[in-house]
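Note that chain A is present in both complexes that follow, paired respectively with chain B and with chain C.
Showing the complex of A and B:
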């Protein structure tokens, strides 16, 4: 088994890149790989809790909680969150808050890295 | 180097790939990028299919866009997310997202 780190610099809820990052992370975790996800930029808004899961509408909180339960390590950029008015008490439990060095350290220690670019 | 390039768009990525010179290249069509695998324009398939590379397309992204495997060019292998994870870990060292 290996370690995959995904850097998610996608747009908001509704972004196909965000959905893809969740699905790939889930599939890799299901196969027994260690998975890390880093959120930056607008992707950090997916960490806000209290999202309403509407039918047939892209959604972040539910897959995010499922990934954390599967043991995926999730970290969000603190600066990006605060800049978007999301304080730690507003965020989904289990999401780590840190700065870019967390992502860089994970990249250094991973077998595979996928940096999903900004939109 | 063994590089897998994820092509997630149908318009803006062709020139970037032109400049890539990689020993072992894989191109993975995902999201709107799967159109490269199934759509012909003026009767011509996507120029990306002529690249010297192993070509893959993600099945769920084909299906959500109304394509079946019969629509997919024979040079492209249709894979699911689990197979994509295997390819990432077993067949390529570096990954790029376009």
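Showing the complex of A and C:
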């Protein structure tokens, strides 16, 4: 089995990129691959808990919790979160808070990297 | 023991998007990634500016004066101070009419490396030789 690291930099609401990343991560984890997800920039807003699942908008909290439950390692950029007013107690439990070196270290040990840049 | 080569390709303009700043700060993180790796394991990034991304390399940016934020210029100078390999596409500079004299350097801060204006073919080679390519 391989290791896949997904770097997410694009907005959560406003693009479908993170919806795609979550589905891919879930499928890879179901097949037994090790999956890491890194959030940076606008993507970090997906870590905020208490999201209301309105049918016209993407919903990240439930899939994120399911991924963590499956053993997917999820980490968010602490500075990016704080700059957006999201404190650690506001975030989905199980999401790690770290800095860019976490992403580089996970890339180091990955067979494949999918880097989804911001808008 | 191994080195993993990463190509950070910046194609978005600064300030309109956060991408150039994030590319630079992520690349600079190679300096501290070793605390999370085993002995002898290293990450070597090359930061490449292409397309509209070359606008990030122009000196005398006034981001702090106008927006109250650290300029992309300051981030790039920090990158040069930690000896990051930084390439900018020569053809795209010419397309924008930007002479090489207008490119940022950090000599006054003691940096030993400079941003290198290179043909796109060299950036292509960098991407081909990298283990992973990250587009910003």
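Going forward, the second predicted complex is superposed on the first by the 117 of 119 C-alpha atoms of A that agree within 3 Å, B and C clash if a C-alpha of one lies under 4 Å from a C-alpha of the other, contacts with A are read in each partner's own complex, and residues count from 1 in each chain.
The rule is simple: a contact is a pair of C-beta atoms (placed from the backbone, for glycine too) under 8 Å apart; a residue touches a chain by one contact, two chains touch by 3 or more.
Treat the numbers as computed from the prediction; the structure is a model and nothing was measured.
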{"item": "First (chain B), second (chain C), both or neither touched by A:42", "value": "second"}
{"item": "Touching partner for A:113 - first (chain B), second (chain C), both, neither", "value": "both"}
{"item": "First (chain B), second (chain C), both or neither touched by A:103", "value": "second"}
{"item": "Touched partner set for A:16, first chain B, second chain C, both or neither", "value": "first"}
{"item": "Chain B versus chain C as contact partner of A:2, first or second or both or neither", "value": "first"}
{"item": "Doubly contacted residues of chain A, that is, touched by chain B and again by chain C", "value": "113, 115, 117"}
{"item": "Partner chain A, residues of chain C touching it in the complex", "value": "4, 6, 12, 17-19, 22, 25-26, 28-30, 32-33, 35-37, 41, 43, 45, 132-136"}
{"item": "Complex contacts: residues of chain A adjacent to chain C", "value": "7, 9, 40-42, 99-105, 107-108, 110, 113, 115, 117-119"}
{"item": "Residues on chain A engaged by chain B in the complex (per definition of touch)", "value": "2, 4, 16-17, 20, 23-24, 26-28, 30-31, 33, 111-117"}
{"item": "Complex interface listing, chain B residues touching chain A", "value": "6, 8, 30-32, 60, 81-82, 84-86, 88-89, 92-95, 97"}
